[in-house]
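Both of the next two complexes hold chain A, though its partner changes from chain B to chain C.
What follows is the complex of A and B.
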């Protein structure tokens, strides 16, 4: 075998997360109330469009989570050895983008470098040709614009063709007319919203593949890396921080919240004291302090990690852990308040009268009635965490500098605006990708909240 | 009332003690001062003497909590815990790595932080409440719908984008104000106006939506229907009845923030080069100056606790039915 599959800790957690979401979905299908609530989400056009965008992001993130180490060229007499570099399935798919690095900055779709350089056999300083961008044009640059237009239309046509095939299949399967797939807005259905969003994604994908085959669509950064590749790689980091953090904090918040609310007495006092103390420290400072300390631990124990990817991964997980530790207090407070209310309701009192144990009551009667709060806080926190990652990386307490993330992209790119002329593309790419992800997450979270919050359905 | 305030202040003591113990554990037990010294000195220069010197310069060469070598009560006071953690209660934060007194530094940096945070806060509150009232006034119309869409879009944009984009557009393209910097006195205005506007702009999306939800919840109450049934115009209903009754939930979210304004905004201050507490903290984090970070954590929680107390007191002003006892 020429590759050695490799599981980083964050991959394992991500797959566990996906598996449990799928499991929960199967379980929820059999629950009357949950099916009704999810049905409300599924009929919401905006929510389904947002979910389609999110699904595209998750797909990229999952591809980026299948890690492997490539086999090094065999040397006679030696056992098989694997590269130190850890790559993912996404890296393999985007090998073109990843490996076609230029020397330094180049603008989107450019054929020449961004800065003048002294060429070998010339006395003047000129813009050198790119090694890869527009390489197929050869010396004849007159066809640059024509080539771009050709590739653009080819990409659009390809995207449209794939979409038409899919749409035809769906129409046959559901027995509906084709025009219904385009009818969005009032009078339309959620399927139309999904199909139109899918069309947009496929068109963008087609253009990116077709134009990206010969050019750097979003230009290259300081060390010549393709910005589109960096943006796609950042998605996994954003998704991980948004989901794992909540995953880390939820068990703690649920456990302590229910305990404080149901048991009461000194347990309540102790738990309240704990979360008041933690929440009284301003979030950024607490995170900064904890991350600084974690950095010291990681730096003083270099022997814990075999590869730099593992170290970066450990740091990413530790960041999730720290973010989770600082953000469980709010959810715990909410859950405690709700438990206090539930405790006095008839069905709980009936269970008590039947002699059901305290643990069983908390598990069977309190917990299921808190799940909507848990779900709502899970989806609502996601977008905030993705945005927080960028800020934390700017402050210097975010992910490992070698981890590609929106935060590190922005952080390395922000000084480039001061250059004359300005290098704007990496910032714009990072912000646009982040905007798409966060906007989709916000819209989806709103729909979930509306569907599950008993107050808003009235 | 006074008794209530005093009792609340007494409640604050165990929380501050908890914060203090927590930071002590985080900074000195999770990592020993030796680890910190090794990290700060770098790999090349680590010798036992260098570590000792580093620790002695910062007063980290004492035992953690119990000094067996000392006597007469000095067993407790001649320790890292006492000299670094307990003395924070007296406002003694020790010295930063550059040798300056942290307490004095904080004192001198409070004013710039406040000069930027206070206008941002008040203006932001005013603008967001106005927009929210506007959306509520036109509720269930296209204006409301697209207003909410705009809010969601605006809150989906990273705060960094507002700052970087604003600096680029206003300072670099239009040349209206300096990109960054600060000066005392009246001159400060031209440095402050851009960060304040950007701060207000960046916060509008989230807070408008939040206030709109509060107002909408309030507007479905019985007293609002009564007011309309009396024949009051919608304008009067909104401003005199809904706005005043929505004050309690608004105050809950808002007053707690006021004392922490002293801490400044980390991002804004560091991007605009304003010598406030926010940029102080960022510089300390980047230089890994643990003493400063520790002090800021402590001050931050003190301010937060004051904010909680102020919130409770403000309820009595907003709602005469609230009695504190």
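What follows is the complex of A and C.
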């Protein structure tokens, strides 16, 4: 056994989450009404394109959640020992990117460092040659552009080839003509939207593999790490913070918001005082206090964690919990207001006239009519939370310094943008990945909301 | 000499894909009419037939998606549709004024009344400063608002609905328009206030020679106001006639059916004529007559070619192939519904019911007063009979109905259902009793949960009260109920938004019937519906009463419906019942001055004006009712003695009771 699999707590939560989503899907297949609604989502081209992008992100996140410790070279006579460093399947796949660290900043696709340095045996300050970027060119830098073009076309060709294979397989399986897979827009089908999105993803992937084999596609950061690698590693952190925080926040917000709005009286007063107090304390301050306390607990119990990865993981989970406990107030207030309105509607009074219990009214009559708000704020908060993590990292109370996240990337980019000449690629990379992720989540949530609103699906 | 001349006006709303252009809905499809200076032309029709679209088209205020695609509109010889937008702003307000249906939303809530009138004066009369203010006060005086100087500095929320509509009229008058378009100006108002506003409009028209385009669905309002009537159906005028001829002998089958659908005392116990089907969708194409599929006198040629205009004599024109007047619709003359046996004990006995809402002020939220929404009302309802609770909005009718069902817990008094005291029951004890009493609500669009299927909505009561039995039994019962209220059983799987207003109200009735109630409290169940649909619902309600021996407590402000349906009537004013008795006693021989004024304010289809005095002013606030008899500030008979104490009940005969000391 050359590796020892490891399960971090966040891995477990992530897998449980995925499993329950799959379980819910299987259950929904058997419910006629749910199946019809999800059928409408499945027929919506934009939604399915967004879902494809989301699936790609989730795949990266899942790969990054399969953690292991590698076996150290065997010492004669000793038992097998494993490395302290915890890696994931994604790390293994991206070993090239991870290990080919330069000395410091280099621009995307560059062959030289970004800053002049005093070279050995010379009084002049020059741009030193990169250790890995464009290494295969040797001294012949004239072939740089040609090499790039070659790698680019090879990447495109590879992506196209894989897509064509997949498309041919799908066409055979579904017995449809090939042109149907490209007919997007009005009159097209959702499968075409998926296939075209997939084509775009495969092309990007092909180019990244082909060009990334010899260059740093998004450049390198201050300590010479490949920015593409950092961006890919950030996806898991972003997904975790977005989903786990929402999982903590949403039940609180929905329950308290509906209770305050529907029951009223002293329950309403209590919940209102609670969230007014919470939101009157500046959010960052509150979170910082909680995170610092948590950090003290972690630091005083080093024996709880076998590896630094476990400690970083615990800190990430605690951050999700704290963010969730402090950010439910906005949604709860929205839901309370909407519930106050719904409570006075005649269908609620009709249910009261039947003697339907309070809980049943909240579940059957109030909650379904609030789902559009819940879904919208869920997606809005998702991007907000990823950004909140960046702000917290700036204050120094965010994720563990060893955890790679969009927040830490954006935070370092702040300093880099102030440099002269400017280092722009870290921010651009973080921005592009976050943009794709949040946009896809937004579009998908929009389609889900429309599909579940009976009024808009006539 | 006509001031407004509309010729073949077509308003289109393009639909479907922009690229492929599937087609266009035509809410208005070739309408022509003229209005002479000083004339009142009424545009009559059910909702969705294009009345408001026509008005907006004339003002060029159409929604962004719609456009006037053909025809002309000439106002004082200027082609309105061809004017540049800058000149059009002078026509709007300056030449043509407009008032809208809902006075609550047509005034800006954050500006004072004065500011809003002065704004119009600055635009159209070029007045400003003190001169504008003086003119604004003059306008308020002109529309009959007392104490105009003080009102100028008030905000819309400080005014009642009637006063707000008067302010709207004052704003419309600021530009001294030669034509006033009134889009359902009194639909949102009570009958007594409606009478005031209609009088005002009529007065202004006569004094200023202003033409009036009145858009309404109410035949009574048309009879009261119009010189000429245009009946609209599915985007077209189907009849155009002077008022006298129209009300003497309507010529188009649709007009005839509108009259036949009106409930009144003569049709009591019988069935109202209804129009099957519904108004065709605006994007439907019509090769022949638009009314053909709902017309019982349909002939072969109706389906093939649109009927031409035909003179029906004396200025009356009609679009119908039928020669001569349309045959009258035989309305089944009813027999008086049999009264319940006298010795039966009442199903519902309400004694001295009070519902007070505390007004809380200050830091500690102490109650500093109370809104006495219902303040000591008593009534009783026999099984199988209908009791109508009549009164203006804000008099506590709805609150009383909810308090009887214990949806609101009453402050004091007793409610006995079948001998059981409801006010003493706990929530758990009430649950089984809820199967005996159910409610049908006013707004069919708000009373059905949009997220539930019809089947689930109807089954809700059976599940909650556990009367439905097994799942299959429940589904069968839902199907049966749907058929009982005139819907198809396979509709159970649909959502509420797929149904029209009348169908939704049927669903709401089916939901209430699902638990086999003995008492149904109907809170204005037809006030949101068109006349022909109202007739369907009223027919359904009286059929159900006959079959199931239901007792109805019918909360309404529509006297015609009361006259058609009710056995007993109770008239409410400011939280108390001022007069009660059988329908004949209260409606034919009213005693209380308020009842008389209320009945006199109802516009009658035969155009006969009542001689009883009109009510001035509004109902006082229930938070601060007048001392003594609540009605004395508005009462023509009142004197000092009325201010002393609330009058006791005086009995006239066995059933007729009135609270007035002047009788």
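Throughout what follows, the second predicted complex is superposed on the first by the 352 of 458 C-alpha atoms of A that agree within 3 Å, B and C clash if a C-alpha of one lies under 4 Å from a C-alpha of the other, contacts with A are read in each partner's own complex, and residues count from 1 in each chain.
In the analysis below, a residue touches a chain if its C-beta (ideal position, glycine included) is under 8 Å from a C-beta of that chain, and two chains touch if they have at least 3 such contacts.
Computed from a predicted model, the values in this text were never measured in an experiment.
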Quiz item: Of the two partner chains, chain B (first) and chain C (second), which one does A:356 touch, if any: first, second, both, or neither?
Solution: second
Exercise. Name the contact category of A:276: first (chain B only), second (chain C only), both, or neither.
Key: first
Quiz item: With both structures placed on chain A, which of the two partners, chain B or chain C, ends up touching more residues of chain A?
Solution: B
Quiz item: Touching A:427 in the superposition: chain B (first), chain C (second), both, neither?
Solution: first
Quiz item: When the two structures are overlaid on chain A, which partner does A:346 contact: first (chain B), second (chain C), both, or neither?
Solution: second
Quiz item: In the superposed arrangement, which partner chain does A:439 touch: chain B (first), chain C (second), both, or neither?
Solution: first
Quiz prompt | Touched partner set for A:82, first chain B, second chain C, both or neither | solution = neither
Quiz item: Taking the superposition as given, does A:15 touch the first partner, chain B, the second, chain C, both, or neither?
Solution: neither
Quiz prompt | Residues on chain A lying within both footprints (that of chain B and that of chain C) | solution = none
Self-check item: chain A partner contacts - residues on chain B that touch it in the complex
Solution: 14-15, 18-19, 22-23, 26-27, 30-31, 35-36, 38-39, 152-153, 155-161, 164, 167-168, 172, 260, 263, 266-267, 281-282, 285-286, 288, 290, 293-294, 296-297, 300-301, 304-305, 308
Self-check item: Contact footprint of chain A on chain C as seen in their complex
Solution: 17, 19-20, 402, 405, 407, 427, 430-431, 434, 437-439, 441-443, 446-453, 457, 460-461, 464-465, 495, 497-498, 508, 511-512, 515
Exercise. Spell out the residues on chain A that touch chain B in their complex, using ranges where they run on.
Key: 273, 276-282, 284-286, 288-290, 292-293, 295-297, 299-300, 383, 387, 390-391, 394-397, 406, 410, 414, 417, 422, 427, 431, 434-435, 438-439, 442-443, 446
Quiz item: Okay, in this complex, where on chain A does chain C touch?
Solution: 33, 186, 345-347, 349-357, 360, 364-365, 368-369, 454-455, 458
